[in-house]
Each structure stands twice: as structure tokens, then as C-alpha cells.
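Note that the chains are named A, B, C and D in the order they appear, and that numbering of residues resets to 1 at the start of each chain.
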Amino acid sequence: MEKRDSNASASAFHVPEWMIQFADQKQEFNKRPTKIGRRSLSRSISQSSTDSYSSAASYTDSSDDETSPRDKQQKNSKGSSDFCVKNIKQAEFGRREIEIAEQEMPALMALRKRAQGEKPLAGAKIVGCTHITAQTAVLMETLGALGAQCRWAACNIYSTLNEVAAALAESGFPVFAWKGESEDDFWWCIDRCVNVEGWQPNMILDDGGDLTHWIYKKYPNMFKKIKGIVEESVTGVHRLYQLSKAGKLCVPAMNVNDSVTKQKFDNLYCCRESILDGLKRTTDMMFGGKQVVVCGYGEVGKGCCAALKAMGSIVYVTEIDPICALQACMDGFRLVKLNEVIRQVDIVITCTGNKNVVTREHLDRMKNSCIVCNMGHSNTEIDVASLRTPELTWERVRSQVDHVIWPDGKRIVLLAEGRLLNLSCSTVPTFVLSITATTQALALIELYNAPEGRYKQDVYLLPKKMDEYVASLHLPTFDAHLTELTDEQAKYLGLNKNGPFKPNYYRY
Amino acid sequence: MEKRDSNASASAFHVPEWMIQFADQKQEFNKRPTKIGRRSLSRSISQSSTDSYSSAASYTDSSDDETSPRDKQQKNSKGSSDFCVKNIKQAEFGRREIEIAEQEMPALMALRKRAQGEKPLAGAKIVGCTHITAQTAVLMETLGALGAQCRWAACNIYSTLNEVAAALAESGFPVFAWKGESEDDFWWCIDRCVNVEGWQPNMILDDGGDLTHWIYKKYPNMFKKIKGIVEESVTGVHRLYQLSKAGKLCVPAMNVNDSVTKQKFDNLYCCRESILDGLKRTTDMMFGGKQVVVCGYGEVGKGCCAALKAMGSIVYVTEIDPICALQACMDGFRLVKLNEVIRQVDIVITCTGNKNVVTREHLDRMKNSCIVCNMGHSNTEIDVASLRTPELTWERVRSQVDHVIWPDGKRIVLLAEGRLLNLSCSTVPTFVLSITATTQALALIELYNAPEGRYKQDVYLLPKKMDEYVASLHLPTFDAHLTELTDEQAKYLGLNKNGPFKPNYYRY
Amino acid sequence: MEKRDSNASASAFHVPEWMIQFADQKQEFNKRPTKIGRRSLSRSISQSSTDSYSSAASYTDSSDDETSPRDKQQKNSKGSSDFCVKNIKQAEFGRREIEIAEQEMPALMALRKRAQGEKPLAGAKIVGCTHITAQTAVLMETLGALGAQCRWAACNIYSTLNEVAAALAESGFPVFAWKGESEDDFWWCIDRCVNVEGWQPNMILDDGGDLTHWIYKKYPNMFKKIKGIVEESVTGVHRLYQLSKAGKLCVPAMNVNDSVTKQKFDNLYCCRESILDGLKRTTDMMFGGKQVVVCGYGEVGKGCCAALKAMGSIVYVTEIDPICALQACMDGFRLVKLNEVIRQVDIVITCTGNKNVVTREHLDRMKNSCIVCNMGHSNTEIDVASLRTPELTWERVRSQVDHVIWPDGKRIVLLAEGRLLNLSCSTVPTFVLSITATTQALALIELYNAPEGRYKQDVYLLPKKMDEYVASLHLPTFDAHLTELTDEQAKYLGLNKNGPFKPNYYRY
Amino acid sequence: MEKRDSNASASAFHVPEWMIQFADQKQEFNKRPTKIGRRSLSRSISQSSTDSYSSAASYTDSSDDETSPRDKQQKNSKGSSDFCVKNIKQAEFGRREIEIAEQEMPALMALRKRAQGEKPLAGAKIVGCTHITAQTAVLMETLGALGAQCRWAACNIYSTLNEVAAALAESGFPVFAWKGESEDDFWWCIDRCVNVEGWQPNMILDDGGDLTHWIYKKYPNMFKKIKGIVEESVTGVHRLYQLSKAGKLCVPAMNVNDSVTKQKFDNLYCCRESILDGLKRTTDMMFGGKQVVVCGYGEVGKGCCAALKAMGSIVYVTEIDPICALQACMDGFRLVKLNEVIRQVDIVITCTGNKNVVTREHLDRMKNSCIVCNMGHSNTEIDVASLRTPELTWERVRSQVDHVIWPDGKRIVLLAEGRLLNLSCSTVPTFVLSITATTQALALIELYNAPEGRYKQDVYLLPKKMDEYVASLHLPTFDAHLTELTDEQAKYLGLNKNGPFKPNYYRY
């Protein structure tokens, strides 16, 4: 669910500061005692694993049950207790959620059908660490249908849907996850996935890199049997490129974050909708006539700008990259420096992947009632820390909405405390999750079945043909009819009729 | 000016049919006698060199002078006769045109200023073969100002502006080009550029590949001194990749056709405007409420669809590539097979780069008054040949507009006889030409100054940093203000403050 | 907040069926005993007064206090008990809400300032019946500042914000309203507003016509002193035109529902945003690529279509009026009959003001997961009653979201049980409420101060100049700078420099 | 073809300056000798009659024939000489043009069919004064088919298509018009239409008011038999309202200029396309990224703004009317005073209907290469006269394009010398002309057949039902399917199933 930095480079050739910090953390990590307290862990857990997360409402809601799942004895109806969830009794409700999700994930269901005969994942032992939602459940059960054995933990301490985890456990999946884990719980769950007698994973599906990290540090020998890693997030991908650069990556890894479909759908198309949704749900504002500055014109920025322009806002853009800047011009946006418009805008939206894009100085100059939010990256883009000073008053007016009040009475409206608006204040459509999940499944199949030598100990993008296949599986949703090349046309173009249809450098 | 195939792959890894034909032609070419007639040449000239071309009106227009320039004795005011143009006396008028173009090409003018001190092209001997227009003249005089010596021919037998050629000749540029060359003239001009005593080119700037081709065949030894080739067109780039694949490319070549700025501006942004312009100028039709099918959703198709949707047309899209198809869906277009809508649409537009996308069968089924045109590639997309049958009547109703009339009275409106609408029936904005020309200049500088070994005998894309530099030179046109990274931000992102800002695979 | 029928005529020259029903009800109404039970009233209360209503969350929420406000003894801090609200102690919280609303209603605040000196409502005794929200409070306190005395009841049994009512009562406004009134309470509150010793209203501000209706039936003599009625809703305006037509309207009435600003802002611009908001909040769906049919292309339909098209949906339109139909065509929408597309669409949205636009037959033919909602009028547009049959299963999946399940497993997703999506599932921006409230204030001032004879016993539209004034008061919100005519220009155009600027028939 | 003032009021209640001037002219007019020279007439001819006019290219072009048509003796093939055209021999070519136009005017053709049986214009003697084009010919022949006798003159001295006039004369229509009339010719032609023995008109179809004016002054007694006037232009309508106001209008008149379809199609939808077309044809500029200021946000301004925004321009708006100003805000345009942006914009477009909107002072401050053009009204909006001063140099660079050069070398690009860009530099789609012509035909039928007393000596708008009928006749062009009300729905809405569907004040 994380977003590819739009404005920033995710270049594999540089070592950004935060990665260096991360490297430092790992050193500290090694010194850690086995029984780790919350404090000592706080810097080594990935940022994404503690992001606030607004999942679909949990229908059965919080029981008053305060017992930690780790202290409970639970068994599913088949007698297995190889799992740890909040409450196995919620399984039925979770099953219904999964069934609804199945209806909206036709690509995975089609994959189940098409690939079921040959069981392309027969023998695969997949350990996974992702958000645990109904959509993930559909992915896991698809992997199972394709022949794989799976063990699963959550990649975020808040995002697990307990009912879904229960349903998976009831179906026999060893799931270790619940909503509201402590950081100690977090690592305990991951460890329970991998540290099990008589079972060793040969594939990793990771979201954020924490699982990969754990195995590297605790069970490096496991990599001897592991055929590959599939990683979805920007953060995890960065970590992998760093390992690769440092010569420490010992298995092939697939960067599915940068696949075309994920980039365009997760970022451009999804943000085009979620910026409107996030702003409306939090502020009920009217978009028409509002002046907005969007920092960064990558895919996320492009989506935000297009949506707001369409709703009648007047949009300014800031950029550091002259090519993206020129695109903004041609798309009809005034390209400015933030300082030029900061006094006049009604909304400030960051989508840069950078840090301190909005500084205290900017915040000081904003006009009364200005709304500030972050669509880009983690919680670094707005210097929220600078607002935690005695002369400013914070007033929580709604969930995820704070008024920060200056001594002269000026208020700015800060959303989600500067964390990602689209994760915190809107929901991600199942359709987008379906694309991501299908990509993950195909990447696992590719890595698992690749002939010896096709993939080295490096980070790869998904083969274009697979990217195209993911797209083709989603076309029926739109009742879309693809044209097929005639033999004559394929010959003329020098293409295989089944693709791939574009050179690797094609930009879409 | 040619357009990158949108739908088709320009893959370097396949050998399309037409390239193989081209290879055959070259063999035939070798057997040719020195004095070649029009007929024998007709297959070996590149397609683009005979495309019809709608340049800005020539103000001094056709003199009645029917003498071939090759038979004239002309000198410029400095006494030189090392050129061949229609009429050297038109120089003054051409100079005014060049001056107007200079005003609209601020990037090249800035380049002159910035690089003039160091003369980065000092010693360069550039032979060029491009359209000869006021904009090209600004490029040539910029190259001169940077230290280069230039000799130039036209890449298209129709596109030369005689006044501009005269002005260049008057200024001392050996130019060999006029409007309405025969094919024999065409090669004669090219030969005059390269086959000159005491001067040997060390750089090639080509558009279409004919110049490169000629040197390969006639003066292969010249390549010993040539530092590199810069090629702009799809066709020329294909030829280069083919040479490279065949191991016959003996100098580095720069593919500027696939640079980001060229792709996005020449295709997406330029076609967004030229589709409307081309249709209006030829048919005066109203766009609102019209049903349109656009074949191909590459950059060109995306531009056409966006423009027509914005003008109130109802747009259908056909595609062969599932990723582009999914983009069309998300952008709000019904994805269909051509057959599904062919009976109901008012306009058919091809942007595929493919052949026979619109067949006689499709044409038979179109409704009365349906407009058919090609925005994609050469003249292959619509099977125009199939309309040259006795039962159909052709009626020329305007320049570039034919009614083809069926026996039952049904008419379809065929534009530009199926050749490129945007070349034939609209003009290319100077701003776009400025981007292309600046890219060419930078590519020449890069190749000429690259340290030994940076470039091998292969085809390269322009380094991203140069692409970014071209963009940055054009931002002042829009009064656009770029943001600079702070040191802290650059460190955080692991980027150099001056770029490049994106990894090579970034899609924009 | 009600919306002007988009597709239907609100013609004053016809007597629609439901008005006749209403006339019948009034007869029955007369026979009613004084102490009326819920049942007997159920048909005489206006539709709008029981519409479900999603106001901003009440922050202090439901106390467990189950005592009816009518049975409580409450006094404000000044000792007055001439009010009836849920809990006077919530006044402070309500005051804060009012203060926040004041910041977003600059036009009313400007009106307070500009008109305060002259007190244009000095002597006015206004009885009002509207939604009681923070925005209404700003209106009431503005009326007070302009010199008026006010007494107020709620026009909807659900929509009162108790804290705001408390704050108004605390400030000395006799307010009779709480959230969750019974229908008996509803009339009791209205009666308490008008039936008071020593005070008789001379102005009416109504929303829905219930207050006017009550005075007509119970205190017809009051009209002798009443200078005019200002009515905001479609329903109330219909009632007034009917009275006028029947010769029974005995005071001038101002139809502010059809003022330009209200029409365009409440309908076109507001719905452009609320359709997206309503759909997202209820279903989390993705708009891109979805096929949608919008029934009715009036202002509401135009807003819905524009928004969905901008988000990448493919939109079809149905219409009965050929002019609106032609507009839909020119705006780029396929004009169809509902039957033509009902099997293929993902979403059905009604905006017609008509009844049974979506019938059971249509519902039977929709595809699985089709979403059905109403943006038009009351709850008549979708024949929801036809879905209450034994073979269909209803499943409430979220607040305002029902799955209706066919025997074969097909589900349709019905939003807000067919009532207004924008009232039930999204919020109305303060900016729109500000326009409406300002219009109401100006209409009251105009009617109250109009010289004898300017207005007869008829229904009037707001004078254009006032409409323009409302607009001008809202321009500063957008930092918009109006151009002034020079004397010469005004003379040339034959206009007064201060307006009105358009003839009455101008369509904007 | 003229456009309804967008920004200005066409109020019937004011007497603008130019109308007063016109009244003065009429006095002078009376004193004129019979044989009038060019000079003396120059102020009494309507502005629109001398507007430059870009009609579709005349295919047979200018013969060298310099003889005035008035001095020629011509007969058609039936022996009649009751006409005066350039060359009767061009009839065949004109007939083909008419036949092509018939294909694109299905509404008139449908009207011929539907109304032919009953001949609703039997007995009508219509004198007309309009542009004489193929489209007008289709109108005239439709009127003939409906039973009317017609005599016709041109309303503009430049706009007549000679071939079409010849074809009409050949078919027996007494037509008096040719391209390039002198002003004396202009009035002579009109006089030949009305001053004929044994024939007296009983209906007038006018465009600009010159014909009406002539009859008023020369043959006032004719009005005794005249049943009504149908007038299309803003200018003519103004004149009629002035007559009405002065109590001098002695027959009913129909203002078809303000019919809904004409307003929306001729202005909003047509200008949305013609602004792009006009700018491209004259300047070949690129729209993307350009800064544009549009003066006036009426229908014309709305169309221009929407089109340019869609093409990626950054658009500012100026307005005098706060309601239109607020619409501009909500549609996403910065509302400014011209002075605020005049230094930075690349294009200035006037659409106000006002005079001197762009003054010399503004022109002095524009930046180099700024393009200035008028989409609004006549030639008054830009103070072009102020540019005719010695220090400025004018350079004609293309047809309709002048560079005006300041002493410091700054150039502005003035299009069409400040006259209407869309008349001068683009063409009007047949579809729009079809709507206008159909409206005119229906207005004639309505006035001719109206029962005694339905229309007084006043100016009327077309009955809404007729407006709806015009629209419905054009729906088949778009394959658009109208929905019909059920009996139950019609009853519910209180509407007739056949319309009218909206109250008169409905704004669309």
C-alpha cells in the first residue's frame, strides 16, 4: 500500500541518509538481548509497520477481551492450534468478508482456475508478512490452491482484521497476527512463522522488509533453501537494493513495487480518487474555487492535481525535477516555489517522498484555516515536530483532524498529524488491491519456477510479459475487449502475438 | 517530426518485416549504376523523405523559375558558391523568418550564450540531413556558434523552405536543398554534403537515416573519423538498432527519438492539439457529441483521446497491449474491438504504428460521412490501396480531403489519403521543434566531448541529466520556477542537487 | 438543503399529483383532533421533515437522558425559560461550533457589519422553521444583529444539533427543537413559536412549508400582520405556487429556491462533489473505468456526470427533455434509454425529481454488485417498495448500505434505502449553506422594507440585484477581484454600474 | 451568426448609447437623397453587415468578370430574370453545395417531410435578409416546400456564396445578392426584394435588422399586411426592443437569438471549439502551459475557458457581474482584474460585448509576442484605433494576423484587426447553422399560424415547446434516444407528456 516516491529518486545507485540510519539500526539490532522491550526496538521496526491504518470497519468490533492472544489457548475446528489470532470464534464472520472480497478480485479467482490443474506452486513453502485483510486472505488461499504451503504474519501492528485472521486460521492457515500488537508481539509473530520445526520456507513474500530483515539476522542459513523474495513496498525495495549494492543479497528478489500496473494504479489512478476522499471525510470542504498547492508532480502528484483541477480547484505545483516540471506546465498548472503561494493557498498537499518540504516557516506564513496534508511518504514531508512548541495550541476537532492555533488566533488544519492521508483517512479500493495481489502471486510463481540461472542474486523487475498478464486478467472487470494482432501485423511489427508488446524502456 | 510508434514495439530485439525489406533494398542499391533514374530509386529512399509536408506558407511563393537549382550558378555576397539552393536572392526574407523563430526558441539561444565561451563543438565537422526550416536554421547557427562547421541537406524532398535555405547559404552555410527535389536530386544533395575535398565530417545529425545509409554504402571509410551519429526519427532509430544487432554499427549512436521530452512533447502534448487542428482545418466538423474510435492508446492515442473527450466527443479505444488497455479503461474510455463500433462511429483515427488496422472490410461497414484519418505512422495504418477499386468513386473536395463514394451513395471522408494527418494538415508548434532541436544539439555535444570509451559502438539513449537539462532550458517560457533541494534533502534522498533526479526506469 | 427538481418541471401552471394529495391531506388535517397521534399525522407532515439527515457528528453525543425536553424545566443563565431544547448545559459547546461556522460564513458576517448601523430589520418579528445547525445559528444571530426578533423551530425531526439549539437558547433566542422529535413534538414546537402571548410574527422564514401551513390552518388571522414569506425548498415553493394559483395566498412570498446562486451552487457545484463523496463513504468503490447511468440531466445530473467523467467513469445519460438531452450529447455523454444499458452498468444514479424512474423490472435486470442510488428528490425515484418482497433478501452491510439479494445470488447495492444520497451519506459544505443563508437574509430584508405595493399577494423570485449582491459577498472567499464598468462602458451597455447586469431571462 | 453578448446585458429596459446613435442615424437617413453615395451611408448600415466573414472557400473562385451584377442581363433556364446574382451559370456548382448541406441538416429535411402535407406556410410571402450560404439555401427551399413564397437579400456585403445564390436563382427564387456588394448595392438589393409590383411580403426574416429598418423607413404601410418579424441577431433584437419600448413596433416580433438552443449551441458549444480553431489557424501556437486571460464569463467566455483549460492553458477570468464571477471561481479560474495579469499572459481574449475592454494602456503593458483577439462582439472590445499611431509599426504577417511593433521592438500579435475571431478565422459548423435555421423556420410557422391575439405588438421569445422541438429534431444526429414519461409520471409531475418540460425561468 505504500507509495513509490514521486518526486524523489528511488535510485539504486545512491545511499540515502535514512538507509544509512537503517544500517546503523541493524548494528544495534545485533546487540539486542533476546527478550526485547518496546523501547529498544523502536528504531529498528520499519516505518510502515506502525503507520496508522484505516481499514474497513471491523464489524464485530472490539470485544472487551483484554487477554493477549499470546496467552490464549485456541484450536480451530480441525484441532489445530498452529496459529495465534484474537478470537478463532470470529471465523465465520471473517469467511463472509473473504467471500465478498473474492467477488471483487476476479483476477486471482481466474488465476486459481487457470493454474489449478498444473499447481505451479506445488512444493512451495511461502512465508509471508503483509497487511492481513480479506484481500490478503484471497491471495493466500489462491497460493494454497496453486499448491503452496503458507505461514503468515502481519506487516503492520494496527492493520490486521481479526475476523479474517480467524477465518484463515480456521481454514488451516498458520496465521500469527492481531490488531494492536505490541512491537514485541510484532517480532514474536514473525518469528513464529519462520522458526518452526520440520518446516522451512523456500519463498518470502514481504511488505516493508521486516520479515526479510528478521531472517537475515536470525536465521541466515535459511537462505540456502530460499528461491527468492517478492517485495512490494518502497521501503522494502530500498532495503533490497542496498543489500544488493553491498553484495549481501544472497537470493534473487523481485521488486513488484515498480511494476507498471502497480505504479499507475496504486499511485496515479488511486490517488486521483483518494485525495478527494481523504479531504472530504476529514474536512467536508468544498473543492470548487479553492487554491491548492501540490508539492511534487510524480505519479501521486499528477493524480492529486488532475482530481482537484477537475473539481474546480486552482492548482499550483512545485517540483525539483525539470522534466516533471515541464509536464506540470503542459498539463496546465503554474509551477511555483512554495514560498510564492504559501500565503494565498487554501490547501497544501505534499507528494514528494522528501523530508521537510513544508517547514515551520511555511506553516507560519499560511493563512487562517489552511489545510495541510501529506499524500507522499511516511510522515517526513511536513515538519510536524516543529509545531510541537509551547506557543501553539493543538485542538483535536475530529479523528485525524487537528487545529493548530497560533497566538494570534490563526488556525491551520493538520490532517492525520502529517502521516499519509490516503492510508489514514480514506480506503484503498479492492480493485487496486487485486492488481497488487495478482502481481505478487505471479512474481512468486515466476521466481519459484524459473530455470536455474535465469535470476541471479539481484533485484529484478517483474518481466514485462507478466505485467501485461496481470493487466489482461483485470480487463474483464471493465468488459474491455482486447484486439489481437493478425499474423501479418505481428510479422510487420516484429512482435510475438502474445506479447510482450513494448520495449523495456517504454514509459506508458 | 516523425512519431514514435505508440502501439507497436520499437523493440531492438526483433527484426520486423519492413526492416528486412529494407535490407534487401540495400543490396539492390549496391548494384545501381551511378546515374540513377527516379524509378530505380523508388524503393530505397526512406519513407519519411517523401511524406507530404505542410510547412508554414512560403511567403515569397513559387517563382515561375523552372530552372533546376543544380543547373544554376549562384554566389552569396561573400563570393562563395559552395551551396545549392533555389534562389540566393531570397536570403533576406529567410533571415527575417529565422529571426522570428529565434524569439520562440529561447533554449537554443540560451545554449548559445552559456556554451559560447567554451565552444564545446570547436573542431566538430557536422554533416546534417533534416527538414530545412527556420527552426533548423536556428539549430545550425547555434551549432556554428558553439564552434562547429556544418554542411547540410534536406531529409524530405518537399519540406525545404527555400528562403531559409537561401539565408543559410548567404551566411556561409553550405546548404544543398530546395523544395520539390527529385529523388535523384535528393541523393545528389546528400552526396554534395559529404563528398567534398579537404573536409571530412566527424559527426552525423540524421533524421530518417538516409544520410547515414549513404555514407555506409558510398564512403564507409569516413566512419573512421566519425565520433558519433545523432538520429531523431523512429525509422532512423530502427535502422540503427538493426545495424547494431547485425554487428555493423561502427560508431556510437544517440537515439534522441526516445528521450523523455521528445516522447512526451512530440507525441502526447503535441498530438493533443494537432488532432483537433487537423480535423478542423480539413472538415470544419463539430466535435461535440461525435462518436470517435481511436485505434491505439500509446502516447499519440492518449493525446488524441484526451483532446476529443475534452471537446465533448464520445471516444472508444482499441488496443492490443493489455497495460495500455487498462489505462484506457481507467481514463474513462470504453475498450472495444474495432468491429464492435465501426458501424456507429463518426470518426476513425489510427495511432498504432501498425499496418492495415483499418481494412477494406471496416471501410465497407462505416456509416455515411464517416471521417477516417491516420495519426500514427507513415501511410500503412489504413488500407487505402483497397479503396482504389473500380466500383468506388473518389472525389477530391478540398486539399487533403477525399470523398470515397460507394455504389449505394455512401461516402466516407478520407483525410490526407491515409498519410499522417498531423504532418499533412496541421503545423508543428515551434515550441515542440525547439525541444527537439535542443536535444539534438546536446546529443552532439555529448558524443563529441565524451571521453574515450564512454560510448561503444552501440545505440544509446540521451543521458537522463541531459534530458533534464533540455527541460530546464524550456521552463522560462512558462515563467516556471523550479524548486531546489536543500543539502539536507539531497542527502536524505541520496541525490545530487543538480540531478539526475530519477532512476532510468522512471516512467514519468 | 432540498434540491430543485432537475428533470421535472416545477411549473406553477400545473397541479402535480402529489400536490393534489397534499391538498387532500389538508382537508383531513382540518378534521384532526387537537391531540394528534403519530398515525394520523403521518401523511400531513412534509416529506422533507422526515428525511434522514447526516449532519456533522454531534460531538457531545447522545446522553442517556431519555426525558423528553417537553417535560423538562430549563432556564438559561439570564433566567429565561422561553425555549425548549435537549439540554441547555450544552450551550458552551454549541457556541464553539457557531464560532467556527462564523469563520466560514464571511458573507453573513459582512452583512452584519454593513447593515448594522441602519438595522434594516428593526421591528421585524420573524418566525422561522429550518434545519437547526451552526450555520442556521449564524443566520439567526445575523437577523438579530440587524434588528429582528426571532422565534424558531426545526423543519426536520432528525436534523437539529442539540448543542447549537442550547447555545441559541442561552443567548436568548426562543428555540424549540431537538434531535429526534416525534411528529407530535414537531407540530408542538412550531406551535410554541407562533402561539405566544404579546408577540405576533410579521415575517415567516420557512423550509418545506410546514410552518406556513400551520399558520394557515390554525392562525389565519396572523397573516394580517405578516409582510411576507421567504421559502427555500422545492416542496414549500410548490405549495406556495399552488396557494397562489388557487387565489389563497394572502401575502407576498419570495421563492429563494430558484435564485441563481442557490440553483447553481446547491445543485450543480455541490452535487458535483457530493456524488463522489456519497459513493466513496458508502462503498469505497473506485470510479475509474466504471460504467454509470445518470437518469436526468438537470443541474444535479450535470454535476454528477461532470464529476464522474472527470474521475474516469464512462457515463450514460437518460432524459425526457430534448433540450437537456442535446446538452448531454454536446457534453460528451451517450443519451440512452435506461433499458439499453441497465444490464451493463456498475452504478445507477437518479436525478430526475420524478417517480419510479428505476423500476423493479430494471432492478431485476441489473448485473451483480450494481450500485443504485438517488440524488434527485425525496425517495420516489427508485421503486424501493417493489424490493420488499419475500423472494429477495435484504442484508444491511453498513450504515446506509443494503445488499438486496436475488434468489440466484445476485446482489444489488442499495444506498440510503433510495432516499437522497447527498443528504444521507455526505455533508453539505458550509460555503453552500452560507450562500443559502445570505439569500434568505436578503430576501427577508427586501420583503420587510419593500414599499407598499411593490409586492402583491404572489410568489416572487429574488430581485436579480439581490442575487448579484449575494454573489458579490462571497467573492472575497476566493480572493476574486471584480472588474467595474467605466462610465463610458456603462453608458454603452445601457447598464447601471452597480447592476443588475443581466436581463431576467438570462440563463447563466 | 452573431453572438449574444456574454457579459453585457441585452436588457430591454435600458437604452444603450449605441442605440441612441442608431436613432440619430435614422433621422439622417430620412434626409438622404435617393441616389446615395458610400460616404453618406456609412453610419446607417448595421455593424454586422460589414463584418469580415470567412465562409467556406468558394470553389469556382473569382472570375475576372468585373461587371457589376446590377449591370448584367441574366435569365435562368425557365426564362425568369427576377433576381440579381454574380453569374447564373454557376448554378450547377451551387446546387451540389446545397445537396451536401442537406445531408448535414437533417432537422430541416425532417421538417420538410413532416410539415409538407399540410403546407403550414401556404400563402406566406416571406422577405428575408440573411447570410446567403448553402445552409440558408436549405432553409429557403424548406420554406418553399412548406408553401411560402420567398424573396431574399444578403445581410452582409462579403458573405454571399455566389454559386449558391446562382443555384437559388436558377430554381426560381428571386435572390438579390453577391459577394463584395458596395453599400449602395446592399440597400439596392434589399429594396429589390420588397419593392416589387403585385407582391407584398407578409413575413420578415431578418438578421441584423437592416431589412426591417428599410421597410420601416421606406414602406411603413407594408406593416399593415405583415404578420410578424423573426430576428436572429443581437443587434437586430436590440433594435426591436428599442422600437417596442418607444411604442413604435407595429407587428409581433420573435427574438430567436435568445432561444435556448441558439444560445447554448451558437455560443457555449460552438465557441468552445472555434476559439481553438481560430487561434491555431492564425498562429500555430501551442496551448499547453500558456497563460491566458479571458475577459467575460458569459456563454462565450465559458466556452473559451473550458476549451483552453482542457488543452492545458492556465486561464484567468475578468468579470463585471458577480454571479458570473462566482461561476468562474467554482469552475476553477482565478478571477482577476485585467491589470493584475496583463504583464504575464500570453493571450488576451475578449468576450464581453462591451467596448474598450482592452485599452491602449493594457496593450502597452503586454509582454512581447502576446496574442490579442476578440470573440465577443463586433470590433469594439479592443481599442484597435489607439494602435494606429505613428510610433507603432504594423506588419501584416499572414491573412488576419498583424504584428504591432513598439519602438523598443516589442510585438503584439493582433488577430483579425480586433474583429470577431470566430467569424474571421474559423468556420461555423453546419450543425450549429442547422439549429439556427430550424429555429427560424419554426418561428415563422408559429407567427404565421398563431391565432389572432396570441401575439401583440411586442418582442417574444420562441415558445419553449418549439425550442424543445428544435432540439428533438437534432437528437437523431447523435443517435440519441429520448425517454418518454409514463402516464403515471406525467401525472405526478403535472406535465404534458409532449412538453413543455420546464418552467420559463429554467436556466439549463
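A few remarks follow.
The working rule: a contact is a pair of C-beta atoms (placed from the backbone, for glycine too) under 8 Å apart; a residue touches a chain by one contact, two chains touch by 3 or more.
As the structure is a prediction and not an experimental result, all values here were calculated from the model.
When you average the Cα atoms of each chain and compare centres, the chain farthest from chain C turns out to be B. Between chain B and chain C the centroid-to-centroid distance comes to 59 Å (mean Cα coordinates, whole Å). Mean C-alpha position of chain A lies 42 Å from that of chain C. In chain D, the residues that touch at least two other chains are 269, 288-289, 311-312, 329-330, 334, 478, 480.
A complete topology is adopted by the chain contact network, contact being made between every pair of chains. Residues of chain D touching chain A in their complex: 288-289, 309, 311-314, 329-334.
Within the complex formed with chain A, the residues of chain C that make contact are 56-57, 103-104, 269-270, 272-273, 276-277, 280-281, 284-289, 291, 307, 310-312, 344, 368-369, 398, 426-427, 429-432, 477-480. Chain C meets chain D in the complex at residues 7-19, 258, 260-261, 263-265, 269, 318-330, 334-338, 340, 353-357, 380, 461, 467-469, 471-472, 474-475, 478, 480-486, 488-489, 491-495, 499-508.
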